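Below, each structure is written out as structure tokens.
Two complexes follow with chain A in common, the first pairing it with chain B and the second with chain C.
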Partner chain A sequence: MKHYSSVGKNVKRYDAEEKVKGTSVFTDDLNFPGTLYAGVYRSPESCGRIKKINTVKAAKIPGVRAVMTAKDIPGRNIVPVVFDDQPLLAEKYVRYHREPLAIVAADDRNTLKKALKAIECDIEETEGVFTIRESLKKKRIVNGLYKDNIFQQYVVEKGDVKKAFAGAFLTVKNSYSTNYQEHAYLEPQSMLVKPELNGIFSVFGSMQCPFYVQDAVSAVLGIGLANVSVHLMSTGGGFGGKEDVPSIVAAVAALLSHRTGRPVKYILDRDEDISVMSKRHPSYIEYESAFSKNGKLLGVRTDYYLDAGAYSTLSPIVLWRGVIHAVGPYECPAVSIKGYAVATNKVPCGAYRGFGTPQIIFASETQMDIAAEKLGIDPVRIRELNAFKKGSETATGQVLKESIGIRKTIDAAVSRCDIGKTRSEIASFNKKQRYKKRGLGISCLFYGVGLGARGGPLQKGGAFVSVFKDGTVQFSVGTAEMGQGMYTVLGQIVSESFGINPSAVLPQRVSTEKVGDSGPTVASRATFISGNALLIACDKIKSSLLSFMLSEKMIRKASDVKFEKGYVYTGGKKKIPFTELSSKAWAGRVKMAEYGWYLPQGTSFDIRTGRGDAYVVYSYATNIAIVEVDMLTYRTKVLKLISAEEFGKVVNPLLAEGQIQGGNAQGIGWSLYENMVVKNGKILTDDFSTYLIPSILDIGQIEPVIVEEPYKGGPWGAKGMGEMPLMGIAPSIGNAIYDATGTRLKKVPFTPEDICNGHKSK
Partner chain B sequence: MNNFNYERPRSLREAVSLRSRNAGAFYLAGGTDLIVQMRDDLLKPSLLIDLKALKQLEGIDMKKDVLHIAALTKVSAVEMDRTLLRTLPFLCDAAGFLGSPLTRNKATIGGNICNASPAAEFGTPLIALNARAVISDGEKTRVMAVEDFMTGVKKNALKRGELLSGFIIPDPKGHKGRFFKKSRIKLVDLATVNITVIKKGTEYRIAIGSCFIKPLRIRTAEEMLRGIKEPDARLLGKAARICAEEIKPIDDLRGTADFRRDIVFHYVKKLLGELTAKGGQR
Partner chain C sequence: MKKGFVHEINFTVNGIKRALSVHSNETLLKVLREHYGLTGAKEGCGGGECGACTVLLNGSPVNSCLVLAVEADNAHILTIEGIAAKDSIHPIQQAFIEYGAVQCGFCTPGMIMTAYALLQKNPDPDEAQIKRALSGNLCRCTGYVQIIEAVKAAAKRMKGKRG
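Moving on, here comes the complex of A and B:
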């Protein structure tokens, strides 16, 4: 086994100190002289034809510098994502409540508020479509481009499903539904656009995908991509909520900056942010599973519907990931998976940690539990029986070859929990207690790392590495640091390559000026893609250093050389400090700045047949939840959550545990507390006193367990992991509630009312 | 937020006089409700009268078996007051459920009652304690039951030119009580239901919040239990049933009316049971 000096260590976050001290610079901390404040006038209706937007009064208010509507956009009136069907500013029709109609720039926030109030619109309201069910009836069409109200559909089919179900010992059929989830990032959406000389616009902001933002600004201004430079500021959380929608925020600021020639800042208030930015899709799922008598999964038939909202945005890709993961980490010879992204007159949904998988995992893992009970098989055992192993085939026919950690995660979770003892403790607690009942639930999952086949041209990543004469190193990548700790993890990957202390390696702020379009920072891909690109750059530099050492007779053959512990070993015990070599190489005019370009290999997927290798590699997780339900208030408390995760080689265990803790907490929020209320397309819960996220007191004890199963294709064996900790929490809690109360919940979130009703109806 | 004038009076009389001269004036105590509403433009005061310099309006004091809690006493001070923890710990519990530690260090008990939310944390314990509100006009004071002081959603009985200076709790000793708050998350959330039950000798008091336009005493249930030392489960159930019937809850984002009745029924029964069981502490 390889000995690592930097990888696998709890290196302190590069930005820990500035975050603790509060000195990090966020977008709102930027103050250029003459900066204007931007705001958006939004549709008061969910659906209708725009007859008139009157901005005359607003434009006359002193201190108002620009008021613009769709007709004032110099470039294309779009938000570029997948199908480009969304206008930045509505022109003829409004399709969701608070859709943007006009934008304003003013000297200060008070004037801005007055101006927004002075704008009037005349909208001929028409009846909207607000649920998946209504939309599928096709009586009213949300968007003329999609005559059947369906943005995208996929089919994945394998084996003889009819036969599998006909010959099954047990079939289980249920419907499930899930509600929205709001990202609730600490920092709201923020962008500042500043005009520079020579027709260039600098964009500073909070985002996951600088290259998406560059695209959007270039499109609405009708200028070249080279005229737009996007710079990432400290970003206070993304979770998918800063994947595509920051494009909208930046485009608004850019239009106003272009019009006024001044810097323009657009920062959303929390209520605006909650009501108009993307969210996790609500879903409706019909799921049917077939099992043999001994618990083998024989077939799955499922229809998966996502409530996409008024425009397609990222829904086609969110749906794809959901469809690919619909069966779970299990062998299943016969599948028929159908997925639909359905249009409704509501705010467009988009990316959220897990990306279309938490919904379907909730269904599939609840099914697994129901089947286990009906077959009289332990819920752990039924999962072990069906779990992937080397050579297993996924639903799309992909044969798994290496780094398949599902069984390891089951073992790790079960042993950490000491499941036998825990179960008997629960049983004796329940016998004694009248008003409180405890239960234990399990869930398993897998996750395709990176964008996968549907990512197409975005499956790439660049990196730039520069070694200075004193042996310190700078690097740049095209993926974003948004709080997850990417800078630190990538710094470790680079320092491992040169065998130097991570403190000698410093990240450069991410900017479109530094590396080529590296795709988005999503899909748990930053470590994997940027890490690999960095290693390519590092290898190029190391190879130049080797040639230099050979030519300088410092070594006899390249294979003697090792980079370790701050030294370069030049054969046997002979060594030279890396700092000294850097200085010599600098004097010898060696090229010590290199560019790395990484392309993940080996995905294939045929959208018509639904077959092929969907992702390069998968990560795996098993969750065990232990809950206590108060049988008087029906409040569920998570006592303990054990989350065993396998994602190759772990680069920074502490940061990985942080990701697990945070993802688990968000999963608990979605499962138990976060309940978006929408009436006629209007979001009623647009603040944190009505839309509740759990506080530290509500999440219980989280126990991360990291399991390693290195992957040869990953940087130092790493895969990706950011999303997994959220994905399987709902079924583990739902299954635990069933274990405690006997009430089977098929709707997320699990509200006390639902548990109460379930309990009473028994 | 709109522009406003700001005054920081040095005396009670000055504060009251500022208020009576300015129709659009608001008192500023902790500000944890007021500032939030101002930021959202729900309130647009022309003048804020900051009461924080009036130190005489702060403090907890036991005089001759009467407990005085001044209006500007911080919620965190109520939560951690030694006398209260000994005599009326359920009042401290109620304080501990309000907002977050940060809110509790700013918010005041007087502000909580003047703001008159049906879900006010101090509503049910104070009315169950028969607490009285002391109202000053700068010269004279008048006293009324807290139960009458809160008149409806966000409404109180103060007249222009008056100020709530504090609370009196007569005869605070010998109360056994329980405070219960059901909210969706543990902290930083408003109550779906809150309940205070008190037993003093063989007298029972039951107050329920978040189930009507203001916190309610359920006197029919109290009367039914009066004089009974150890009511049996059937009787407690009956009292709880009355409570669930007499409240007038609504469906809202924090819970449905039915769910609230359910909680009230189960918890009134449970809390009374705890108070009447032998060795029931507090």
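Moving on, here comes the complex of A and C:
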């Protein structure tokens, strides 16, 4: 096994010091002289025809520098995502509450507020479509660009499902539903656009996808992509919420900057951010599973509906990921999976950590538990029985060849939990306690790393690496740092390649000026894609260094050379410091700045049958939750969460644990506390005292367990992991609540009311 | 703004005496960020719910988005920029770095200020006291585990120093 010097170590974050000192520059901390403040006037109705928007009064207010509506957009009035069906500013119809109608730039925030209040609109309200059920009736069409209310549908078919169900010992059929989840990144959406010389616009902002933003600004201004430079500022969390919607924020600021010739800053207020930015899709799922007597999964039939909102945005690919992961990390010879992204007159939903999988994993992992109980098999055992191994086939018919860690994660979680002992402790606690009941629940999952086959042209990544004459190294990539620690992890990957200390390697702030369009920072892909691109660049530089050493007779053959511990070993024990080699190579005019371009290979998907090698590789996780339910108030507390995760080789264990703990906490939030209330398409819970994200008091013991199963195709064996920690938390908690109370919950979040009703109806 | 709505305030910010004319409706957060360029305190919600704007007012943590600048008259304000000299680092800051308590960093200054106030008043807090003190500071990235570890470690080190 390879010995690593940098990979696998808890290297300190590059940006930690500036962040603890409060000097890290977020978008709102950035100030240019003459900066204007932008705001958006939004529809008071969820659905209707726009008769008039009156901006005259607003425009006359002193200090108001621009008021614009759809007709003032010099380029295309769209938000480019997948289908380009969303206007930036509504022109004829409004399709969701608070849809943008007009935009304003003013000298200061007070004037801006006054101007927004002075705008009036006349909207002829029409009846909206607010639920998946209503939408499917097709009585009213949400978006006239489509013939029905289905933005996208997918099927995955395999084997003879009818036969599988007919021959099954046990079939389990249930309906499940889940509510929204709001990202609640602590930094609201923020963008600052500044006009430069020669018709260029600089965009500074908080985002996951600089290249999406570049695209959006270019589209609305009607200028070339080369006229738009996007620079990533410190980004205060993303979780998917800063995938596509920063395009809207930047487009608003860009239009106003273009109109006024001034820098324009658009920072959303929290209520605006919660009301209009993307969220996790609410879902409705019908799920039917067939099992043999000994617990083998024989067949799955499921219909999976996502409540997409008024525009398709990312729903087509969110749905696709959900469909691909619908069965879980299990062998299943016969499947019929149907997925639908359904239009409603509500805020468009989009990407959120897990991307369409947490909903369906909730269904599939609850089914697994129900089946285990009916078959009299231990819930751990039934998962082991069905879990993927080498040579297993996924629902889409992909044969798994390597780095399949699901069984390792089950073993790791079970042993960390000391499950036998824990169960007997729970049993004796429950015997003694009348008003408090404890329970244990498990869930397993897998996750396709990167964008996969439906990522199409976005499946790529670039990197630039430059070695200086003093042996320090700079690098740039096209994926974003949003708090997850990407800069540090990628720095470790580079320093490992040159065998130097990570402190000698520095990331450059991400900008569209530095590398080519590398696709989005989503799908747990940054380590994998940018890491591989960086290694390609490093290898090119090392190859030039080798040629140089050969020509200078410093080595006899290239295979003698090793880059380790700050030295370059030139054969046997002979070595020179990397710094010295860099200096010599510089003097020898060696090319020490290289570009790397990585393309993941071999994914496929047949849209008619749903067959194909959906993703290059998968990561795996097993969660065990231990909960306590108060049988008087029916409130649930997570006492302990054990998350065993396998994502290839771990590059930075401390950062990975931080991702696991943070993802687990968001999973606890979605499961128990975060309950978005929407009435006639209007979000009522638009602040942190009504939409409750977990506070420090709501989190029990969280224990991450990292399991390694290196993947040859990953940078130093790494896969991706950012999303998994959230994905399976709801079913582990739901299964634990059942274990504690005997109440089976089929709706997320698990509210005290639902537990109470379930308990009383027995 | 009418003349009558402007007030003169005198206060100390990070040890420096300051005098300033402020409007009645200006928040302490706005004054710190826009007049003094102290942008460490962040606005995460503007409604006193997230704690990202936490600074100390006469030693106690406050949501500076909810404190009017006029309320800071004659007060001592301490912000994240003031807890350590430019080239040094406070033990709480150091522990946050070492224990991985920082991810996106937006809640971090507020979190550290609340922890600072806690450790001033209670140098040896147990886990429950740490949690209670930090319950007004939301973090969406970390799941709080490494933050709790960092505060514990900082308390231990600071106690050691005091001897």
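Quick notes on this structure:
In this text, the second predicted complex is superposed on the first by the 762 of 762 C-alpha atoms of A that agree within 3 Å, B and C clash if a C-alpha of one lies under 4 Å from a C-alpha of the other, contacts with A are read in each partner's own complex, and residues count from 1 in each chain.
By definition in this document, a residue touches a chain if its C-beta (ideal position, glycine included) is under 8 Å from a C-beta of that chain, and two chains touch if they have at least 3 such contacts.
Remember, it's a predicted structure, so these values are computed and weren't measured experimentally.
After overlaying the two complexes on the shared chain, residue contacts for A:Leu632 are found with chain B alone; chain C is out of touch. Look at A:Ile642: by the touch rule set out above, it reaches neither chain B nor chain C. Once chain A of one complex is fitted onto chain A of the other, the partner contacts of A:Phe239 are limited to chain C, with no touch recorded for chain B.
In the superposed model, A:Ser689 makes contact with both chain B and chain C.
Which of chain B and chain C touches more residues of chain A is settled by the count: it is C. By the touch criterion defined above, A:Tyr673 reaches chain B but does not reach chain C. When the two complexes are overlaid on their common chain A, residue A:Met482 makes contact with chain C while staying clear of chain B. By the touch criterion defined above, A:Val156 reaches neither chain B nor chain C.
Looking at the shared chain after the overlay, A:Ala453 reaches neither chain B nor chain C.
After overlaying the two complexes on the shared chain, residue contacts for A:Phe26 are found with chain C alone; chain B is out of touch. Comparing the two interfaces of chain A, the one with chain B and the one with chain C have residues 688-689, 693, 695, 697 in common. Of all residues in chain C, only 33, 38-47, 49-50, 52, 79-81, 84, 89, 93-94, 96-100, 102-109, 112, 131-132, 134-148 touch chain A in the complex they form. Chain A meets chain C in the complex at residues 10, 12-13, 15-26, 28-29, 183-188, 234-237, 239, 269-270, 482-485, 654-655, 657-658, 661-666, 687-689, 693, 695-697, 699, 702. The part of chain B that touches chain A in the complex is made up of residues 100, 182, 184-190, 253, 255-256, 259, 262-263, 266-267, 270. Against chain B, in their complex, chain A makes its touches with residues 435, 632-633, 635, 673, 677, 684-685, 688-690, 692-695, 697-698, 752-753, 756.
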